[in-house]
Amino acid sequence: MEEFLRLIIGKYNYWIYITLMMIGLYAMIAKNNLVKKIVGMNIFQTAIILFYISTGVKKGATIPIIEHSHDAAHQAVRAADYINPLPHVLMLTAIVVSVATLGVALAVAIKVYHRYLTLEEDEILKQIREP
Amino acid sequence: MIWQLDLLILTLVVFCGIGAIMIRDLLGAAILFGAYSFMMCLLWTIMGAVDVAFTEASVGAGVSTVFFVAAVYHTTRRTKD
Amino acid sequence: MSEHYPALLVILPLLASFFISAAGWLRPACCFPLAVAALGASLLVSLGLLSIVIGGGPVSYRLGGWAPPWGICYQVDHLNALVLAVVSVVGFINLTAARTHVKKDFPERAGPFYTLYVLFVTGLLGMVVTGDAFNLYVLLEIAAITGYALIAMGKGRAPLSSLNYIFMGTIGACFYLLGVGYLYIVTGSLNMEDIARLLPPLHGSKVVTVAFVIMMVGIWLKMGFFPLHAWLPNAYTYAPSPVSSLVAPLMTKVMVYVMIRMVVTVFTVDYAFGVLGLNEAVVWLAVIAIVAGSVLALAEKDVKRMLTFIVVAEVGYMVGGFWLGNRPGFTGAVLHIVNDALMTLCLFLAVGNIVYAKGNSRWESLPGLFRTMPWTMGALVVGALSIIGVPPTCGFFSKWYLLLGAIQGGHYGFLAALLFSSLVSVVLFFRIFEMGYFEPLGAPHGPTHGQDGTTTVREAPLGMLAPLWITALGLILVGLYTGQIVGRVIRHAVPAMMF
Amino acid sequence: MKTLGLIIVVLVGAVLVYATVDFPPFGDPASPASLHVSPRYIEKTVEETAVPNAVTSVLADYRGFDTMFETTVIFSAGVACFLLLRVSRRRPPASRQYRHRLTGLTFRVKDGREISLPLRDFEPLDSIWTPHDFIIEKVCRYLIPFIQLFGLYVIAHGHESPGGGFQGGVILGASIILLSVSHNLRTALQRMGEKASALFSPFGVLIYAGTGALCLVLGYNFLDYQALAALLPGGPIMARSHGIFLVEVGVGMAVMGTMVWIFKNLASLGRYDEGL
C-alpha cells in the first residue's frame, strides 16, 4: 500500500500528463464540433510537451543558464546543478509545430464552414449525404 | 519547488482542459484554452523550463488564442457539445 | 563536394523554396522553373549518393560538425539511398506533369503551390536521410503540414477530408513523438544508432515495449495501415490531381520506410522479432489489410477512389512482407517500396489526365476513352498490369519475392491474400478496360453523359503525357533491372539476422 | 462515436499507465535522460560556444538543424494559410461606411457607387460596427513601442537569459496583432502590409539556411559556425556565438512575419480589407 502511494505521489506529473492526453484524445475522436476537435488537438500536443519537460527535471538543480564570469579562472560546471536542457529544446520545436498545425487547421476549418455553413460534423455529413 | 503550489496548478490545468472541451460556447472554449495554456506556462516555470514557459506564454496563451478568436469570429460561436 | 551530398540533398530544395515563395510575389513566371531546378538538382544529388553508396558503402554526415549523440547526423546506407532516389524521381516527374494542372485550376496561386510542393518533397527526403529520431519528427511535420494544405486545395469535400487527415495525422505524429520520448527517458539519447547501442540491456523494460507499440501505431496511422486507414481514401480522392499523384505514391511508402528503419536500426530485428514476437500478429493484420483494401476497392465506382483503396492494400503488402522477418520477405517489401511508388505514380498520373479531360474520373466518363485518349489509356494499362503483377513489369518481381517470403516463412494466409488481391486487381482493371474499350462513345452509361457534346474530349497535352509515359516505361525498365537493384542495393540492406 | 472514443482513450491511457510504472522516479538526477547526452551540453556550452544559456546553444548550435526545420514548419504554415484562404478576386462590398475625421459624422455609400468628396478627410469603417474605445486605442498605441522594444531585447539577449529568436519574434508579431485588435486591421496593414509580412518569413528562414550554406561554402559542414571565424572577429568559439546570433535574428524575422501573415489571413478571411 505504502509503495503504491509512493508510486502515485512520486510520479504525479506523469499521471497528470496521461490525464490531459486522454482528455485531448477524447475530444479529437468523440467531439462533434470541429473547433472543439482542434482545441482537443492542442491539449493533446501540450500534454506531450508536459511529459518531455517532466523528464528533464532534476531535484535540487536550477535553470539551465550557466553561471560564469569572464575574468575569474575557469571553474568546473557540474551537470547535476542544472536542469537538463535537451527536452526544453525539443519542446520549443514541438510548440512551434503545434501552433503551425493550429494555424493550418483553423484555416481549413474556416473553409469547411464557408462551404457547409456549420461546424458540426454530423450536420456536415448529413448535407453531404442529401445534397 | 513548492508542492502545494504545484498540485494546485496541476489541478487547475486539468479543470481548464476539461472546461475547454465541455463548454457550449466556442468563444468560451477559446478563452479557457488560453487559460489552460497560461497554467501550463506557470507549471513549466515551476519545473525550471523557463524558455519553454516563455514560448508557451507568448504562443499558447497569446497568439493561439487570438487565432482561435479570429476563427470563431468568422464562423460561429454555436456548438452542440 | 561529394562529401556534402547528404546535406545538399535537403538544403537545395529548401533554399529554393524560399526563393519560389518570394518569386510568387515578385515574378510569378519564375516559380515553376525554380521548382524544376531545385528538384532536378536534388534528383541528381540523390542519384550521385546512390552510386557513392553502391561503390563505397554507407556515408554519414555531421550537421554543425558535432559528433553524433550530441549533434544531428545524416546516415545514408543502401536502404535509404534507394528510397531517396525513388522519392526524388517521383517528386520530379510529377512536378513536370503538375504544370498544366496548375495553369488550369489555380494559376494565380502558382507561387505558394510550388513552394509547398518543394517543401513537401524536402520533408520526405529529410525523413529518409536522417539518423536522428527527433529530427525525423520535425521533418515528418513539414511533410504533413504541406500535405494538409495541398490536399485542402481540392474541390468539394477536400477541406473536410483534409481536416480529418489533420486530426489523424497529428495523432500519428504525436504518438511517434511520445515513443521517442519514452526511448529518451530510458536511454537518454536521440540518435538512432546510439539508442540501438543502449537498448539491449533494457529489453525487459515495459517502457521500451510501450515505446515500440505506440511508435508503430503512430507510424501505421500515418501510412494508412488497414484499421487506421479511414482518413486516406477521402483525402487522396478529393485532392487536386497533381497533389494526389504526389502524396499517394510518396507518403505511404516513406512511412513504410520509417517503420523499417525504426525496427531495423533502432529497436533491432532481435528485439522486434525475437523478444516481442509480434510478427505473426502483424502479418495477420497485413492479411486483413490486403483483403479489406481489395474488397473495398471493388465497391467503388470512381477510378481515383478505387486507386486509393488499392493503395491501402499495397500498404498491407509491404508491412506484411517486412514482418515476415525473412530475407525474401524483406527484399520484396523494399523492392515494393520502389515499384509501388512508380506504379501508383503512373496510375494517378493517368487518372489525372482523365480528370483533366473529362472533369472527373467516375465510371460514366470512361466509355470510349481508348479512342479519344489512346496514350493515356495505354499508360494506364501498363500501370494496371504492373499492379496485377504481369511479368515484364516491375510489379511482378516484388510480388514474386513476397510470395517466396510467405512460402519460406510458412505463412500461407499471407500467400492466399497476395493471390486474392492480384485476382481482385485483375477484375478491377479489366472492368475499366472493358468500359473504356468496348462500350461505344454514346452508350447510355450515366445520366450526365452525352449532353455537353463528348466529342470535345481530346488527348491530354504533351506536358502531361511525357511524364506519364516516362513513368510507364520506367515500370518496365525497373522490372528488367530488378536483378541489379536486388543484387547491388537491397542485398546489402537486409539485416544480418534475417535468413 | 462517443463510446468508441471512450474505449480508445481508456485503452491508450491504460497502456501509458502500464509504462509509467517503469519510469525512473520524477526529478531523479541519476536518470539516464540526465546522464547520457545532456551533461556535455551543460558542462561545455560556455567553453565551446560562449553562450551561457544552454537552451540557446543547444537550440541553435548543437541541434541547430532541427531548429532550421522548425522555422521552416512555421514558414510552411504561413504559406499554407495563404494558399487556402487568400481570395484574389476582390468583390466590392454591398455598402461601405466612412467617418469624417473632424466631425465624426458617419455615412454610408450604397452599391459600390463612387463618392466625389475628398477621401483623405474620411476614414473607411468596418461593415460590422465596433465601438470606438478611446482608452483601449490610446493605451495600446503607447504600449506597442515598448512591446516591440522588449521583443528586440529578447532576441538580442537570448544568449544570456531566457528567450531567443522564436520568443522575440512572437512578441514582435503579437505587437502588430495587438494593433490590429485594438484599432482595426486596416491600421495594422498600413504598418505592415501583406507583401511585407509575406516576404519577411521566407527571408528570415533564408538567413538561417543561408548562414548554414555559407559555412558549407567556406569548407566546413553545413551549419558549422566555426567557419564564420574567417569573416568575423574573435576566433572559432566566438564565431559560434555570432553564428547563433545571426540565426536567432533569422528565426525572429521569420516568426514575426509568419505570425502576422497567418493572423491577417485568418482575421480577414483572406480579403485583407477588414477583420478582427
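To keep things simple, chains are lettered A, B, C and D as they appear, and every chain counts its residues starting from 1.
As a working rule, a residue touches a chain if its C-beta (ideal position, glycine included) is under 8 Å from a C-beta of that chain, and two chains touch if they have at least 3 such contacts.
If you're wondering where the values come from, they're calculated on a predicted model, not measured in any experiment.
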item: Identity of the chain that, by mean CA position, is farthest from chain C; value: B
item: Comparison of B-D and A-D (more C-beta pairs in contact); value: A-D
item: Centre-of-Cα separation between chain C and chain B, whole angstrom; value: 37
item: Whole-Å separation of chain centres (CA-atom averages), chain B against chain D; value: 19
item: Intercentroid distance (Cα basis), chain D paired with chain C, Å; value: 32
item: Touching two or more other chains - residues of chain A; value: 12-13, 19, 25-26, 32, 54-57, 61, 63-65, 86-88, 90, 92-93, 96-97, 99-101, 103-104, 106-111
item: Where chain D touches two or more other chains, by residue; value: 16, 21, 23, 31, 33-34, 37-38, 41, 53, 55, 59, 63, 66, 70, 73, 76-77, 80-81, 84, 162, 166, 262, 266, 269
item: Contacts with two or more other chains, residues of chain C listed in rising order; value: 134, 138, 141, 145, 148-149, 152, 159, 184-185, 190
item: Chain pairs in mutual contact under the definition given at the outset; value: A-B, A-C, A-D, B-D, C-D
item: Chain C-facing residues of chain D, complex; value: 15-16, 18-19, 21-24, 31-38, 40-41, 61-66, 69-70, 72-73, 75-77, 79-84, 86, 88, 195, 198-199, 201-203, 205-206, 209-210, 212-213, 216, 220-226
item: Residue numbers on chain A that touch chain B, as the complex places them; value: 12-13, 16, 19-20, 23-24, 26-27, 31-33, 35-36, 38-40, 42-43, 46, 49-50, 53-54, 56-57, 61-65, 83, 87-88, 91-92, 95-96, 99, 102-103, 106, 109-110, 113, 118-120
item: Chain D partner contacts - residues on chain B that touch it in the complex; value: 50-51, 53-55, 58-59, 62-63, 66-67, 69-71, 73-74
item: Chain D residues within the chain A interface of the complex; value: 1-2, 4-6, 8-10, 12-13, 16-17, 20-21, 23, 25-29, 31, 33-34, 37-39, 41-43, 45-47, 52-55, 58-59, 63, 66-67, 70-71, 73-74, 76-78, 80-81, 84-85, 160-162, 166, 262, 265-266, 269
item: Chain C-touching residues of chain A, taken from the complex the two chains share; value: 25, 28, 34, 37, 41, 44-45, 48, 51-52, 55, 86-87, 90, 93-94, 97, 100-101, 104-105, 107-109, 111-112, 115-116, 124, 128
